[in-house]
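In structure tokens below, several structures.
There are two complexes below, and they share chain A, which is joined by chain B in the first and by chain C in the second.
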Partner chain A sequence: MSAVLTLDRLSVALKRGRGKPIAVLDDINLTVNAGEMTALVGESGSGKTIASLGVIRLLPRSAKVSGRVILAGTDLTSLTESEMRSVRGRDIGMVFQNPLSALNPTTRVGNQIAEVYRLHTGETDRAARARALDLLGEVGIPEPADRLDDYPHQFSGGMRQRVMIAMALACSPKLLIADEPTTGLDLLVARQILALLSRLRREHRMGVLFITHDLSIVEQHADQVHVLYAGKSVEWGTARSFFAQPRHPYSQALLGAVPRLGQTRLASIPGNLPDPETRPPGCRFAPRCAFREPACETAYPAPETTGGTMFACRRGREINPAAMLDAVLDDPAPIAAPSRGTALEVTRLHVDYERTATSFFQGMIGRKDKMRALSEISFSLGQGECLGIVGQSGSGKSTLGRAVLQMIPYQGHVILNGEAFDTMPRQRRKRARRSIQVVFQDPKESMNPRMRIGDIVAEPLKLAGMRGQRARMAQAAALLDRVGLSERMLNLFPGSVSGGQAQRIAIARALATNPGIIVLDEPTSSLDVSTQALLLNLLKDLARQDGLSYMLISHDIAAVSYMADRIAVLNGGRMVEFGTAQDVLTRPTNAYTRELIAASPHFRTNQPGGPTETMEFNPSTVQPSAV
Partner chain B sequence: MSNALGETFHAPGGALRRSAVERAANWLGDRGTLVTGLTLAAIILLFSLIGPYLYTASPYAIHGHHALEAPSTAFPLGTDQIGRDELARLIAGGYATLVVSIPAAILTFLLGITYGLAAALSPSWFDKVLMRVLDAILALPGLVVLIFFSALFTPGNLELILLLGLTSWPGLARIVRNEAIAQRNRDFILATRQFGGGTWYIARAHILRVMAPILVVNATFLVGDSVLALSGLSFLGLGVQPPYTSWGGLLQTGLNLIALDPWWMILPAGLMIFLSIMAANLIGQGLLARFGAAR
Partner chain C sequence: MLRMIANRLATAVLSLAILITIVFFMTHATPGGPAFSILGQKATPQAVQQLNARLGLAAPLWQQYLLWWWHLLQGRLGYSYLLNRPVTQLVGDYMMNTLALYVGAILLSLVLSIGIGLVQGVTYGRWPARLIWALQLSLYALPTFFVGTMFILYFGVKWGVLPTGGITNLRLEHPGLLDYGRHLALPVLTIGLLGVSGLSLYFGTSVHEELGKDYVRTALAKGLTFRAVLFKHVLRNALRPLVTILGLAFPGIFAGSVLVETVFNYPGLGYLLWRSALSQDYPVISAIVLLIGALTVIGNLLADLVNGLLDPRERYE
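The block that comes next holds the complex of A and B.
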């Protein structure tokens, strides 16, 4: 196996303002072989993106880089900037997380792909266009000749990412760097993109450096795994040995944090990633590690191995993985008195979206197109029950949440405590709305960035008529305590807390009005895996204590399987499957449901096999999205 | 001149701002821009407001023997064609300019915010009506409207404030509306509605708060625009009326006598107009950079 890329003791230090440089990446050694995929795994703040920027030398000018980056025998750190420019795009292709911002919205995709090719090869326009056409076909865009002259916004998220990949492939690079290419995508689409990358690397004998925070997604595709924590490598080796026997407690916890079918409690990692300025002197994971011993806190452990992976952990040899998992599991809260009334009933719900006029003439005569976003949705939600609403983006699942929350107009009935919202008088309706609360996907977006956290949490109290700033702050502190946060947060602004903390704050605020029902709209999909586990455990505990009912809207079937009692599957605005979680997950009757489940790796055997091809693209079962 | 003037009423980011101010801001850096702007503004304010107490010569006293004299120790900025002390007139003109422009800018500010928020938070049909009305107002060249009304009656300070305030708000209203529309469907607004927050509450507690940086920046720009508009009116003889004077009026008197080359009657007034607009815009730019980093 020949190495395409070798990182030899790569270290990066960044300067923040006028302070002294802070090491964000420390002595990374890593190899990507021709035709293989190396997964660089880490949570936000681990330094994984810094590593990729270090390879292509696009770090800020103030960054101090040491070590070598060897691409097919050439040390990139010794090249001049103009030599480096010709390496980018020609020898190294790049795919980023958000294809919409990486593509130029005003240029036809064919021209964008052709441009890369022309720049590096000096070929004619005609040859470049032919190349672009070939590439679009190769990355699996149906009828590429028709799409060549489309603009980026005319493609769906997954298709856009394929266009990005086509662009990266334009000059047949030796190395492809994919930085979280699947993060914004639905699981089904994400897996198609991974399968595509796997096929391409084998066909072109191209090395792929796949950067991700999600271990589960690379399980079937990566040849090598390299786990980063706070700028240090903690465990690395072949994917086979890594998934068979991860040795580092952090790797263990990361794997345990992904929900699997039938699991009753998720592994979670207490605490937060250390700030780069105040990293512990010894093992950086030590403060959060259940197995730390005094020696861990003084010196960084040397890499060891037991024959499988290499790991940087003093106790990695002795720890029994099963015991390790037990140690990171906390105890669930006891169940309060179970009750089985109906919290909410939805009957024959329809939602239409008015599309604004498609032509000038239509605009003149005031005609509007109606699009049906949801049709014939009926279900009931029991007290203390968690109902999972699953589907792809565009399936109408968020619309359903918003209709239940009375945020958008609908036909049909949403019945709370025996009374339908549409028949309530205005004042009662306003009060009734308070008893259904919402937690959004992006916690920072759901808080006014210019308000203090205390005021944010207390706002519902204020609106409900609670008098006295001091009393409200006391109540806010109590709410924060319920979600495991300290009252010291009261005076902070949302910008200075982590994503996981922000989502807890959003939950605390949702609890302020004592709602019976909370609509959770993708509550964990913007969070790191370990944080997600903590949050799901918290939600579960809150429901047990209070008899809260949830509507959990998610595209992540693994998270839903962990939380939900019953599951409804939406596709193209219709409910295609509805039943107990057990039934839906183990005996799905609908083809679309089966495909969703198949895309989630952990419902298959837990054994790591060799890289297997999952389906790349099967449009037949996916309904065209309604909006 | 009239073209550049007209533009400042409506285009926040007119020709002056894009070129001179931005180049100055680039050269000064974010912090330097703000500090320079604030220093300039302080000097101008002190000059115009404290000046009369420090330099006590009367701006109206006529020294017949000293008409049209170049600067000397007796008259540091010379005299005009009937022998009035130019420095005293420059100070008085500054006072007259600021006492009209700043209240006019405040009036513009309040009108613009109210109209913009009302449009953004109303049902869409009413928003459409308000915006068409706004388009109609914007279609009239601001300077022409100003000239029309100030020609109808002899304007005192109050009338000038009302005139400037009532003709300058549409630009800000549009900015406020567009920004408020961008904010109104954000998740935290939706969450607040779910807690029972009404439209008025949301406008006050959330939208204005989030928009605060943009509003502060625009407020400073409005002061600059207002100084320029008043100077333009006075230059045309429609602003502050004799015997009182403003910087624009001083400039006009000087330019009428340009054949006699009285540079001391033109340069100081022009410089004060330039510096005060520069100060307002530098503060705006400086704040923009500061808030931009925090947003």
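The block that comes next holds the complex of A and C.
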């Protein structure tokens, strides 16, 4: 097995402003073999993207890099900038997250692909165009000849990422670096992209460095795994032995945090990632680790080998995985409010989108194109129940949420506590709307950046007529406390909190008017897995304590299955499957549901030496989540 | 693309119609009506009545409004009170001079702004960009008439290299293009330079913004040189906001050109407007206002079309 890429004690320090350079990546040793995939795993702030930019030397000029980056025998750190340019794009292909912004919006995709080929081979325009056409076909774009002259915005998310991959492959590179290529894509599409990368690396004998925050997605595809925490490697080695028995408490927690079908509690990691400026002197994970001992906090542990992996943990050998899992699982809140009846009923809901008039003249004469976004949707939501709404982008799931929230016009009835919204008098309707609240996907986007967090949380109270700033702030503090945040946050602005904290604030705001129902529209899809786990656990506990009802809208059926009592699957604006979570998961009747289930991570056993592959989904291990 | 053009055209026509209506009511619904402006505040009622009858101003306002449209569609804008020439003819003569001035000034500021903006965007946060910013600010603060006067003083009087006023040398029987060009030089320089400060700052910021986008990193990762990334990828995308702002710049340039044309005695619309305003020559004033409005609407339309060419996403709206 020949190494395509070797990182030898790679360290990177970045300068912020005038201060001293701060180490963001420390002594990383990593290998990618020809034809293999190495997964570099870490959450935001772990330094994984810095590592990939360090390899192709595209870090800011002020960055201090030490160590060696060896690509097929050549030390890239010793090359001149112009030599390095001929490596980029020719020997190393890059695929970035969010292909919509990573591709030039005003250049035809064929030209973007041809550009890199022409640059490194000196071929003619015609030959480069032919090559671009071949590549589009190879990455699985249907009718490639028709798409060559399209622009990036004319492709779907998954297809755009295929275009990115085609561009990276143009010069048949030895190494492909894929930085979170599947983040932001629907699970089914993400799986397809990963399968594509796996096929390509085998066919081209190309090494792949796959950077991700989600261990579950690489479980079936990676040959090597390398877990980063706060700029330091914590565990690395062959994927087989890593997934069979992760040794480091952080690896274990990261695996346990991924919602899987059949999981009853998600592992959560208390605390936050330390800032690069205030990293602890010893093991960087120690402050959040359930197994720490005094020695952990003073000196960084020497890496130890076991089987096919190495880990940097003083106690990695002795603690057994079951104990480890127990330690990271907190106890669910007791059920305080048993279910009582129906909170919400939706009957025969239709939503038509009037497409904005396609021309000025059509607008003048009032002609509008109608598109049916939702048809014939009926369901009821019990008090204290969580209803999961699953579907891919464009399935109408967010539209359903908006209709229930009375934000868009619809036909049919939305009945709250026995009374339909459409027949209520205005005043009562206004009050009734307070009892359905919403939490959106991107918490920071949904907050006014110039308002203090206290005012954001208290705003619904103000609208509901609560007098007195002091009383409102006291109430806001209590709300923050319920979602596990300190009242010190009251005076901060949204810009200074993390994504997970921002989403908690959004939940606190939703709770302010004491609603019976909260619509959760992809509440965790912009968050890291461990943050997602914390949040889902919090939502579950809130529901159990207060008898809250949720409509959880998501493309991730595993996350939904963790939360939901019943699941509705939407496809093309219709409800194609509806039933209890257990029924839907174990006896899906619809082909689309089966595909979603097959693409989701399945429950893994944590026995030492247990099966390396994920376990086949077994109905008997599914426990209906408690109501 | 065709649909987008049709949409934009329809909007442009609507804007023009609204503008025409506003101009009509502003000139016709003044206290006492236009007759007072022509005859002066001390006019006798009889004289006003006579004049109103002669000018068709005695009819109800809505009839006048329709008549105004009818005349407008035929290209009849009335007679100048002051010069006693048809307004259409008068304004037409002056407009060509103004257009020459505008095209020259806009080209000059575009070329300079793109050059300066690129340097500023690339060196953003470092001393070249800071120096440029200081220059932009001080230039922006200089009043037009001051710069124009200084140019006259140095180029015209002190060094004597360029003419300081008019459009042609009156002593030449057949003034050639060169003569026009020499007369255009100083007014074009004055208006053009003053536009540069704002436009280049705007473009520099736009370049800086584009440089921070993900596709730039992708292009660098392909192995392109920074220069190639800048000219093949960034430039085109950074131009879009500049085009939009240029399309809306006509009223601003016109406001500047009133002063500049007056300083340089340059027979353009700005100069004509100044003279007509002094003598309350309403038909001429309203024709010029209409014309500038039309230029603005057309400029905006052109900007939309150019943006459609630059950015495919604009074409499908």
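In this section, the second predicted complex is superposed on the first by the 592 of 627 C-alpha atoms of A that agree within 3 Å, B and C clash if a C-alpha of one lies under 4 Å from a C-alpha of the other, contacts with A are read in each partner's own complex, and residues count from 1 in each chain.
Basically, a residue touches a chain if its C-beta (ideal position, glycine included) is under 8 Å from a C-beta of that chain, and two chains touch if they have at least 3 such contacts.
These numbers were taken from a predicted model, which means no experiment stands behind them.
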- So, on chain A, is it clash or fit between chain B and chain C? clash
- Query: Taking the superposition as given, does A:151 touch the first partner, chain B, the second, chain C, both, or neither?
  - Reply: second
- Message: After the superposition on A, what does A:80 contact: first (chain B), second (chain C), both or neither?
- Response: neither
- Message: Just to be sure I read the superposition right, which of the two partners does A:264 touch: chain B = first, chain C = second, or both, or neither?
- Response: neither
- Item | Touching partner for A:451 - first (chain B), second (chain C), both, neither | first
- Message: Is A:103 touching anything from chain B or chain C once the two structures are fitted on A? First, second, both or neither.
- Response: second
- Query: Counting only touches as set out at the top, which of chain B and chain C does A:278 meet: first, second, both, neither?
  - Reply: neither
- Is A:427 touching the first partner chain B, the second partner chain C, both, or neither of them? neither
- Task: After superposing the two complexes, find the one stretch in chain B that runs into chain C, choosing from 2-10, 200-208 or 254-262.
- Result: 2-10
- Message: So in the complex, the part of chain A that touches chain B is made up of which residues?
- Response: 405, 407, 430-431, 433-434, 436-438, 440, 442, 445-451, 459-460, 463-464, 506, 509, 512-513
- Item | chain C residues touching chain A - in the complex, by the definition given at the top | 3, 6-7, 10-11, 213-215, 217-225, 232-233, 236-237, 310-313
- Show which residues of chain A lie in contact with chain C when the two form their complex. 56, 58, 85-90, 92, 94, 96, 98, 101-107, 115-116, 119-120, 151, 153, 164, 167, 358-361
- Residue ranges of chain B in contact with chain A within the complex: 186-188, 190-197, 201, 205-206, 209-210, 212
